[in-house]
Amino acid sequence: MSELGIVRRNIKRADRALVDQLSRFGVATVHEAFGRLGLMKPYMRPIYTGTQVSGTAVTVLLHPGDNWMLHVVAEQIEPGDIVVAAISAECCDGYFGDLLATSFKARGARGLVIDAGVRDVKTLTEMGFPVWSKCISAKGTVKATLGSVNIPIVCAGVAVEPGDAVVADDDGVVVVPAAYVQKTLDAATARDANEGGKRAKLESGVIGLDIYEMREPLKKLGLRYVDE
Amino acid sequence: MSELGIVRRNIKRADRALVDQLSRFGVATVHEAFGRLGLMKPYMRPIYTGTQVSGTAVTVLLHPGDNWMLHVVAEQIEPGDIVVAAISAECCDGYFGDLLATSFKARGARGLVIDAGVRDVKTLTEMGFPVWSKCISAKGTVKATLGSVNIPIVCAGVAVEPGDAVVADDDGVVVVPAAYVQKTLDAATARDANEGGKRAKLESGVIGLDIYEMREPLKKLGLRYVDE
Amino acid sequence: MSELGIVRRNIKRADRALVDQLSRFGVATVHEAFGRLGLMKPYMRPIYTGTQVSGTAVTVLLHPGDNWMLHVVAEQIEPGDIVVAAISAECCDGYFGDLLATSFKARGARGLVIDAGVRDVKTLTEMGFPVWSKCISAKGTVKATLGSVNIPIVCAGVAVEPGDAVVADDDGVVVVPAAYVQKTLDAATARDANEGGKRAKLESGVIGLDIYEMREPLKKLGLRYVDE
Amino acid sequence: MSELGIVRRNIKRADRALVDQLSRFGVATVHEAFGRLGLMKPYMRPIYTGTQVSGTAVTVLLHPGDNWMLHVVAEQIEPGDIVVAAISAECCDGYFGDLLATSFKARGARGLVIDAGVRDVKTLTEMGFPVWSKCISAKGTVKATLGSVNIPIVCAGVAVEPGDAVVADDDGVVVVPAAYVQKTLDAATARDANEGGKRAKLESGVIGLDIYEMREPLKKLGLRYVDE
Amino acid sequence: MSELGIVRRNIKRADRALVDQLSRFGVATVHEAFGRLGLMKPYMRPIYTGTQVSGTAVTVLLHPGDNWMLHVVAEQIEPGDIVVAAISAECCDGYFGDLLATSFKARGARGLVIDAGVRDVKTLTEMGFPVWSKCISAKGTVKATLGSVNIPIVCAGVAVEPGDAVVADDDGVVVVPAAYVQKTLDAATARDANEGGKRAKLESGVIGLDIYEMREPLKKLGLRYVDE
Amino acid sequence: MSELGIVRRNIKRADRALVDQLSRFGVATVHEAFGRLGLMKPYMRPIYTGTQVSGTAVTVLLHPGDNWMLHVVAEQIEPGDIVVAAISAECCDGYFGDLLATSFKARGARGLVIDAGVRDVKTLTEMGFPVWSKCISAKGTVKATLGSVNIPIVCAGVAVEPGDAVVADDDGVVVVPAAYVQKTLDAATARDANEGGKRAKLESGVIGLDIYEMREPLKKLGLRYVDE
């Protein structure tokens, strides 16, 4: 309503130093550290594998088959941002290609997360500009209808505010609101430290039943062992 | 009706020299140059990435779970062709594997576009025979029912005539009717030349809003900038 | 019913030596050799390509969003097993990650086949622990509800008994009941030998219509050739 | 290309009297009579059940999220037409509601077939204006981009020419090119007559194995009967 | 393997009297009574609502686009049976229409459960022959390939043996192995009796938190109440 | 994070009188009046047709396969509320049946909107308790894990705050934040009044091209009329 056709400038971003530290952890760890919240739907896939990145969200709401607002959001990018794009209805068109990627990269964007399609994926891969998207499609878009930039959006099932922390890797995309970045970072650090010891034990053949002391609660619930 | 159980020989193909030039451009460029038409649905994906190919369509209509006509179409392949296969109803079976690929390749086919499944994808990748398909499936097929070869078909949402130009890469598959190949080639060449200059500007940090003079029309439509 | 909350130990596995030989053949060949049966639905995809593996099934039935039984099944793994996991309803959560993979690998598992999601796919790839799954998702799971281990399950459309032979590669996953492994191995060996000769002919340009003597039956069914 | 932004007037329609007779038969019968061709994908469903209708196709190509051309096509409707609408990429938006239905009905349209979404379905049902669509969605559309009217389109997997015969009922939608309507009508009439006798036999308990003399061919293929 | 091309006659059916009593309960109750097992995937929907039926399974395995075996299974139907049909790969074709329904009904079948498509749904509804299917499609099928009758199959995710009890209503389809019918019937009866009292309490405004004494366990897990 | 395991009581609801007036309009009108925002994805369908309802949102976040929190939310229902339920990952299980419906109805709930499955749909229909859901499934759920009540959620692609206005009918579900209800009501009223006059004109055969004065802008964009 009042939200359509506006561009919010000078948004408050999550603390850059903290957000940058989040990239040390994978999406699975950050998602667990943030209380198993904030994860986008699993149809969001990277166009090429092997990237692990964190940044601050610059958001944009577009309409089906119309990528005009991606040019508008380009101007609002600051180094360290990740553009997060939602569409007002499901659409697989190719909203983003190598020219926009060149522009986003020049502005300092670390990647794009878009609940729609992208194209020129071979060139994007060669450029090393990572994108997480719902589809890959060469389908062209028009530039006819206003959307908005830096408003709250829902992208792939997750509510995203401008300035939120975004972490993305081969497992998907997770969003952490600015106010929870410090806590999430602490929890991720603790979780990570804790996992190191477990990994060594598991490698030696000790099993989770013993490490996590699961035998007793399983027995209480009635788990029975039967020999063939 | 009269179309079932026939094989059209000696079809008229789009001009080979022109079709070959189309492979210099990606699918996204050709699709734009052809007026944003002719693009197959985005579920059509290459079994391996990195290939960009053009050729003339040899078409085949098959039935669910029956790949018999792929043997019939093999004989109609000329060097420079791409086989385009439609199924009379949705089916993900593995219609095509390494033996048929060996045959198609020996006949000079540059690839296969099939609105169904393929198998032996590891071997196809090693052979360097590119396939764009809806699925990967080891499911075997029978050889029991007549289809047709070189009739007009609909493949992944696009009407294809025998002899049409087909371009395929990591972004998908586009089909250009023979009569439009020259015009499309000209438009693609112009578009490509035009993009070079833009890319340089965008790399330097100039944004699309200025390059494409979008600020004025956006303002007229009511786009407002708000500072937080 | 009586099947819930039990762990069958000391299951009877298909003959290890025979199962190991199955890995020489791809899934497509084994599926054909087994009478075109036993193939899981094509949505089951490897998290990385290039692996071809066979093993004996250790089965587990889990519930939506709950991976507790994966810890229970770990103890039942013997070297040469492949864990096959079904969920009591469709779910894409990330049931399995690098810690469980470390444990499964230490126990001698050759891979995991799961009708749900997995996470930490980058690490799993680096570890070389192959997984065939329905999705990739970082979504965490709980440990609250009993399932069962080594009971008959249905995984991705295929009925699997503990101890069955499992073969998986880039084309998908096929399951062969223990009683049919020898026969299937024989048929696969015969089929493979037979294909070698055909491949050479096809490479030389002879087509399937002649190799398989299809011209006569096609003509009888009414196939007509028409010159444009 | 030359096809975008044009409206073809005074198209040649299939013979009205013949098309009207097609409505006596269900879609299944017409589809069989037309050689098992022309059937749209099964995701095309009626918004309410119980209608069986035939008419001549007036076609329209629209873009994602943009229903402008539905106003343009309205003027080209003649009594007895069915509007067949394709979108240049997949979209579930609600392109059509009660106001457009009022207009289409006033112009004499017998229904709408649209490879996208519709809204106001309760009112459309009360009005008795039948629609076959991919989805039901209240999502509004814009009016910004040119499409075309009465050009060849692909709708739900079927190539449709303006003036083709369209038959729709609870089983789906089938399209018969103008040139095949007479033949299809004859075949449908014959098929229908033939089925009457079979139905009586089947009701009396005689089975298809005997009526269609299937026992011999099944036996030849190797069908074996085993008593438990 | 040995399973293809055979028809098992004189199968052992679950006790008819017990199976008939199951129809008093809905699918949800029977599924709960059978330990939350045996439920087909939720894409299995009735072609018309309001039917609640139970019967003994006669099974059939068909191939994509081929309904020949439905004629073979017809002969094996006994009064009180429900035909359960699986396809060897996913297929939405219209395998079953009004003629086969006439035959099945004359043989005493109570319904059809098919993991594929059906057609003539308007006539089937008028006949009162209930079908649960994956899709509705007028697409015709061929009669060319052998399948099998009364072998174990997997239908919509559930393993079904010939003679198993099948219950179907507007909530879906559940399968109970013959050996568990008595126990399931007892559990369903107990559950149903138990629900009557709860319903009355809930109608009076008492809530489940109190009826099921959930407040304490929720509190123990840490549930906190906060006033705005 | 802090959001898990809490129940917010005494939430501030949108003005009841205003919300009640919204039910006079269909979802399509309210969605347009609210600037084409707030619409849930079109997979949300009513379990029976013909209901048009508005109410204030009571929200609940559940986990896959676990419906415990539906008992907790029951206590927070006030007359005139609609329960809006999200799941932390995609799940089609049957979270809600006739007993919970009895309880919700007794508490004054006007309906349920759930991004998952429901069961007992025949009884719910007889009770007249409307539900909009993603699926229908008899699959039972457990009661093991804490979720939260009356926290902000994302349901079927829309961010919902406790107390928001919800309108649902045969076209789907739309959510209007409390702060926008008055404006949306005004816009819906205006739109509705405006449509009355148009409907009369359209009924008389005047077409939208003239009523909305579209001929000029279409001509400017280049629309051409061609006579066959």
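The first chain written gets the first letter, and so on, giving A, B, C, D, E and F; residue counts start at 1 in each chain.
Assume a contact is a pair of C-beta atoms (placed from the backbone, for glycine too) under 8 Å apart; a residue touches a chain by one contact, two chains touch by 3 or more.
The structure displayed is predicted, hence computed values, not measured ones.
**Q** What are the chains that chain E and chain F both touch?
**A** C, D
**Q** Looking at D-E and A-F, which pair shares more C-beta contacts?
**A** Between the chain pairs D-E and A-F, D-E carries more contacts.
**Q** Using the average of all C-alpha atoms in each chain as its centre, how far is it in Å between chain A and chain C?
**A** Those two chain centres are 31 Å apart.
**Q** Centroid from C-alpha atoms only, then distance chain A to chain D, rounded to Å. What do you get?
**A** Chain centroid spacing, chain A to chain D, equals 42 Å.
**Q** Please work out the Cα centroid separation of chain B and chain D, and write it as a whole number of Å.
**A** 27
**Q** Among all residues of chain D, which ones touch two or more of the remaining chains?
**A** Residues 36, 39, 88-90, 92, 137, 139 of chain D touch two or more partner chains.
**Q** Which of the chains are touching one another, listed as pairs?
**A** A-B, A-C, A-D, A-F, B-C, B-D, B-E, C-E, C-F, D-E, D-F, E-F
**Q** What residues on chain D touch chain B, complex-wise?
**A** Residue list for chain D touching chain B: 1, 3-4, 34-37, 39, 41, 88-90, 152, 154, 157-159, 180, 183-184.
**Q** So in the complex, which bits of chain B are touching chain E?
**A** That would be residues 63-66, 88-93, 137, 139, 142, 144-145 of chain B.
**Q** Which residues, counting only chain A, touch chain C once they are in their complex?
**A** Checking each residue of chain A against chain C gives 26-28, 31-32, 36, 39, 42, 45, 49-50, 52, 169-172, 174, 195, 198-199, 202-205, 207-209, 212, 214, 218, 221-228.
**Q** Can you list the residues on chain F that touch chain E in the complex?
**A** For this pair, the touching residues of chain F are 5-12, 68, 71-72, 74-75, 92, 94, 97-100, 102-103, 106-107, 117, 119-123, 125, 135-140, 143, 146.
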